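What follows is a set of structures for review.
Below are two complexes that have subunit A in common, paired first with subunit B and then with subunit C.
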Partner chain A sequence: MINAIFYKEWIKTKWYYAVACLLLIGFASYAGIYLKRVGDLSGMAALWEYYLSKDDSLITIIKYLPLIVGIGGAVFQFAPEMHRKCLKLTLHLPCGYIKSVGAMMLFGTGILVMCSLICFAVLYVFASHILPNEIVSRILLTAIPWFLAGFCAYYLTIWVVVEPVWKKRVFQTILSVFVLKLFIITDTPGAYLPSLWWLVPLAFGAALLPVISLSDFKEGLQD
Partner chain B sequence: MENLIECTNLTHYYGKRLIYRDLNFSVPKGRILGLLGKNGTGKTTTINILSGYLKPYSGDCLIFGQPANAINPEVRKKIGLLIEGHVQYQFMNISQIEKFYSAFYPGQWKKEAYYELMNKLKVSPSQKINKMSNGQRSQVALGLILAQNPELLVLDDFSLGLDPGYRRLFVEYLQDYAKSEGKTVFLTSHIIQDMENLVDDCIIMDYGKILVQMSVSELLSGIRLYRCSDAEGDVNGEIDGLYHPEFLRDKLEFCSFKSQQDVEQILHQHNIRYSAIESETINLEDAFIGLTGKY
Partner chain C sequence: MKRIAQIYLIIVTAVICLWQLPWIYNFFTVEAYTTPFILYSSVVDDFVVRKTENKKIVCSGLDGTTYTINQYDSILPEYQARQLAAYDCLPDTLFGRAVSLKMLTEEAISMRIKPEMVFGPQIPLYQLMESQSGRVDFEMPDDVFRITDSKIEFVIKDSNKVNEPKSQMFTDALSDAGFVFPAVEIAGNPTSKKRYDNGYLITDSRNCLFNLKMEKGNPNVQKIELDQQIVPCHIFVTEFTGMHSLGMFFDQNGKLYVITMPEKEIKMVDIPPVDLHADEVFIMGNIFTWTIRIKNDDTVSWYAVDAQNFAQIKSYSQPVGYEYVKGLDFEENGWIVPGWR
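Entry: the complex of A and B
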């Protein structure tokens, strides 16, 4: 049954996630090429010095991309379900509504993990050729909150899209903006390192929120 | 006889607007029950409560003995649901949607029933559902229900958006399937003539209440349309036993389950004068309009 739900989600979102993945690879490659170009023009020593003295993560071009991909993923997966209340069909499947929607979210999370890992791998390959390992790992750690924002945005967007009551939707949207802001306050390398222990549960804990909207949907709440 | 659906004292409001109060009905196994009512009388509300997508203000609704909003997956396999407008996953094509659903009903899925219907449509298996007409989509939705082979079918306004040909096709297929396999069906439709040959029992709803709940044969043999010529009198307000009396020029028309003798007595009691009275049997659509009124 879970495989069947994955199959449905794959049919629905394959083009979106293919484009999203290519975008992430493209932007990560651009960031890597940019690093190399700067290194070639001004010398590697100058690049390292610039990184250490200016507190610039050098890859801010990808900062908002995981967030956008996360929001888009939720919209492409769940907006068709809300069209003419198609979600009723999914909730009627004989496997329990938490299980069926949970499987849909697991699919989205899995694809986002894959996209994030590919993006990290591309960044690592480019950066490790021109920068020492200490700086590479610091750059990648700086990018972790941005990718966590992508996961959190995915869950929060599902929470908003599935909610049937418009007043609640507005409140949820405002709250989501504030929550997501927490992940992208600063680009300073290493600034988020002490906060990762609570950013990770915050990002993935948001996966529980769609249950509230689902419960509202099942009770037939409306404005 | 075992009841597959049992609703007791169902009451529902949208905000402060009462939809109905203390609605009671049951659907016995093997029967086809049609819920008839004008727009806004609560047909879709009832279907939503039955399918667990609406929590009633009060009352209980049991399906296969389980509360409608907490049916376990094994019992859910026995229920085929058609959502108003023949809603299905639009992003899938004909073969993908069959493959998807078949995984949920191992042992009971009848692939050939679905493809038999699809072959009649003369569409390719790769035809996307969102590129199909309303009528074709209705056949996809029906085909999926037939393939699921459920014990109970819950169909919300199956005739919505269908032209006469597809409506006829839908009714004929459904009737043949339900009667030959002994299935239980609970359905609504706003096209009453489709229901006459299809349903065994009917519930006719008016705003906030049930007007009639009986078998169609009982209803059609009991109800009569009365016409009084050269009639005069005041028919404003309710007259017990006469449904929606209405003057058309000097003719008075109404429906009633009472005998002509009793009707004449009632008219006399209400000072309604006429020169002649005649009555006739009517079809389900006329009975529905007679009971619920034209407005």
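Entry: the complex of A and C
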């Protein structure tokens, strides 16, 4: 049953995730090549001094991309189900609605994890070639909250999309915006290091929220 | 599962409200406040306030005496020397000491220490400049150094590779001077915009203080003698034009010390302990006195100290002139850390 759901999600979203993955890898590669080109044109010494004297990671071009990909993934997965009113069928599968929707979310999460890891690998390969470990780790640490925002945005968007009551949707959207703001308060390299312990559960804990909307949906609430 | 989701939702909603509602309230209600600019005047033996009211500069003493701008210049000749010289009013002696415009401007110091400078995110790589290049203008070095558990390592910027011979030479020099790896505090001013270079001040694993410089490519390491009970915690290298100090540091109790030059003597500054997590320190000094301002969320204090022995002459405090509603805040000294601020 779960494999069948995975297959259904694959059929539905493969092109979206293929494009999203390519975009993420493309932008991460661009950020990496940009570092290299700055080093080539201004001299590696200038690039190192920039990192040591400025609060800038030089990879802010990818800042909002994981967030957009996360929102898009949720919309592509769940909006058609809501539009065609076929989510009801999913909720009545014999394996239970939490398991069936959980499998759909697991599929999306798995793809996002894969995209994120590829992005980090690309950034690491480019940066570690020309920069010392201390700066590379600071660059990667800077990107971690952006990717966590991507996961959180994915779950929050599902929460909003599957909510049947419009008034609740408005509240959920406003709350989601502020929650996502927590992940992008500053671009200072490494500034989020002391906060990763609560940002990770905040991001992945949002996966619980669609249960509330699905419960409303199952009970047939509408306005 | 739904119950857990609801608990998560309540917690997140509460956090967002505690964060955003006080912020919105403060955004619309807090009024502009400027800390008055106060300097100690040796002439009138009091602090002198300078502020702008209705687009006019108003100068006064703490006792309410008002001064014209010309009087202000005259009672602060050490700070206003250029202005006095422009009117040919600069005295040739001050407090029994012969002075000149060059001397007064070169001996003037200014230094600001903010919590984020001390506790903010920093990359643990440092640039050791050539102190005796023979050139007037400094050039940034072509390598950076890091101090590991057992050695100092110089990494060449162009190749991203460790310069082994230089690393070994500096490791040996530090060890020969009695430095026990690893380092605890490392402080320096790696900038080409300075008149001379004092190198780095570094504490080792036993909290002993060392001055590391590079002179003609070679290491010059000097141990600075400290009392046993003084542990330098937050160190700053000073490269003031007057060359009368090597650096300053706050000890484990927040007491401020100055390392004088050329004798490298440690002198305690007679001001109350400073909590650098919350206090911003601003020092303006001249050949005779220093005015030290310590500001936090609640109070602003000014201390006048003697520039030679750092004994306190006078002090003045006032509450910070604005109030705001505290709330959940996530930014502290450049880090993202939740706190009630």
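Here, the second predicted complex is superposed on the first by the 222 of 223 C-alpha atoms of A that agree within 3 Å, B and C clash if a C-alpha of one lies under 4 Å from a C-alpha of the other, contacts with A are read in each partner's own complex, and residues count from 1 in each chain.
Assume contacts are C-beta pairs under 8 Å (C-beta built on N, C-alpha and C of every residue); 3 or more make two chains touch, one makes a residue touch a chain.
Small disclaimer: the values here were computed from a predicted structure and weren't measured.
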Notebook entry, point to check: After the match on subunit A, would you call subunit B and subunit C a fit or a clash?
Noted result: fit
Next item on the list: Applying the touch criterion given at the start, work out whether A:219 contacts subunit B, subunit C, both or neither, answering first, second, both or neither.
Entry: first
Item checked: Greater residue coverage of subunit A in the superposed arrangement, subunit B or subunit C -> C
Checklist line | Partner chain in contact with A:12 - subunit B first, subunit C second, else both or neither | finding: first
Check: If you stack the two complexes on chain A, which partner ends up touching A:190: first (subunit B), second (subunit C), both, or neither?
Finding: second
Margin query: On the A-aligned overlay, A:1 touches which partner chain: subunit B = first, subunit C = second, or both, or neither?
Written below: first
Check: Touching A:85, do we find subunit B (first), subunit C (second), both, or neither?
Finding: first
Margin query: Once chain A of both complexes is superposed, is A:173 in touch with subunit B (first), subunit C (second), both, or neither?
Written below: neither
Margin query: So in the superposed three-chain picture, is A:129 touching just subunit B, just subunit C, both, or none of them (first/second/both/neither)?
Written below: second
Next item on the list: Give the angle at the C-alpha centre of subunit A formed by the C-alpha centres of subunit B and subunit C in the superposed arrangement, rounded to the nearest 10 degrees.
Entry: 150
Check: After superposition on the shared chain, which partner residues are touched by A:93: those of subunit B (first), subunit C (second), both, or neither?
Finding: first
Notebook entry, point to check: When the two complexes are placed on top of each other via chain A, what is the minimal CA separation of subunit B and subunit C in Å?
Noted result: 15
Next item on the list: Once the two structures are superposed, pull the subunit A residues common to the subunit B and subunit C interfaces.
Entry: none
Next item on the list: Using the touch rule from the top, collect the residues of subunit A that touch subunit B in their complex.
Entry: 1, 3-4, 7-8, 11-12, 80, 83-86, 88-89, 91-96, 217-220, 222
Note to self: Show me the residue ranges of subunit A that touch subunit C in the complex, using the header's touch definition.
What the structure shows: 43-45, 47-49, 51-52, 55, 98, 129-132, 134-135, 138, 175, 178-179, 182, 185-186, 188-195, 198, 202, 205-206, 208-209, 211-212, 215
Item checked: In the complex, subunit B residues that touch subunit A -> 14, 48, 51-55, 69, 73-74, 76-77, 79, 81, 83, 85, 87-92, 96, 99-101, 103-105
Next item on the list: Could you please specify the touching residues of subunit C with respect to subunit A in the complex?
Entry: 1-2, 4-6, 8-9, 12-13, 16, 19-20, 120-121, 123-125, 127, 140, 142, 144, 146, 155, 157-158, 160, 190, 330-331, 334-338
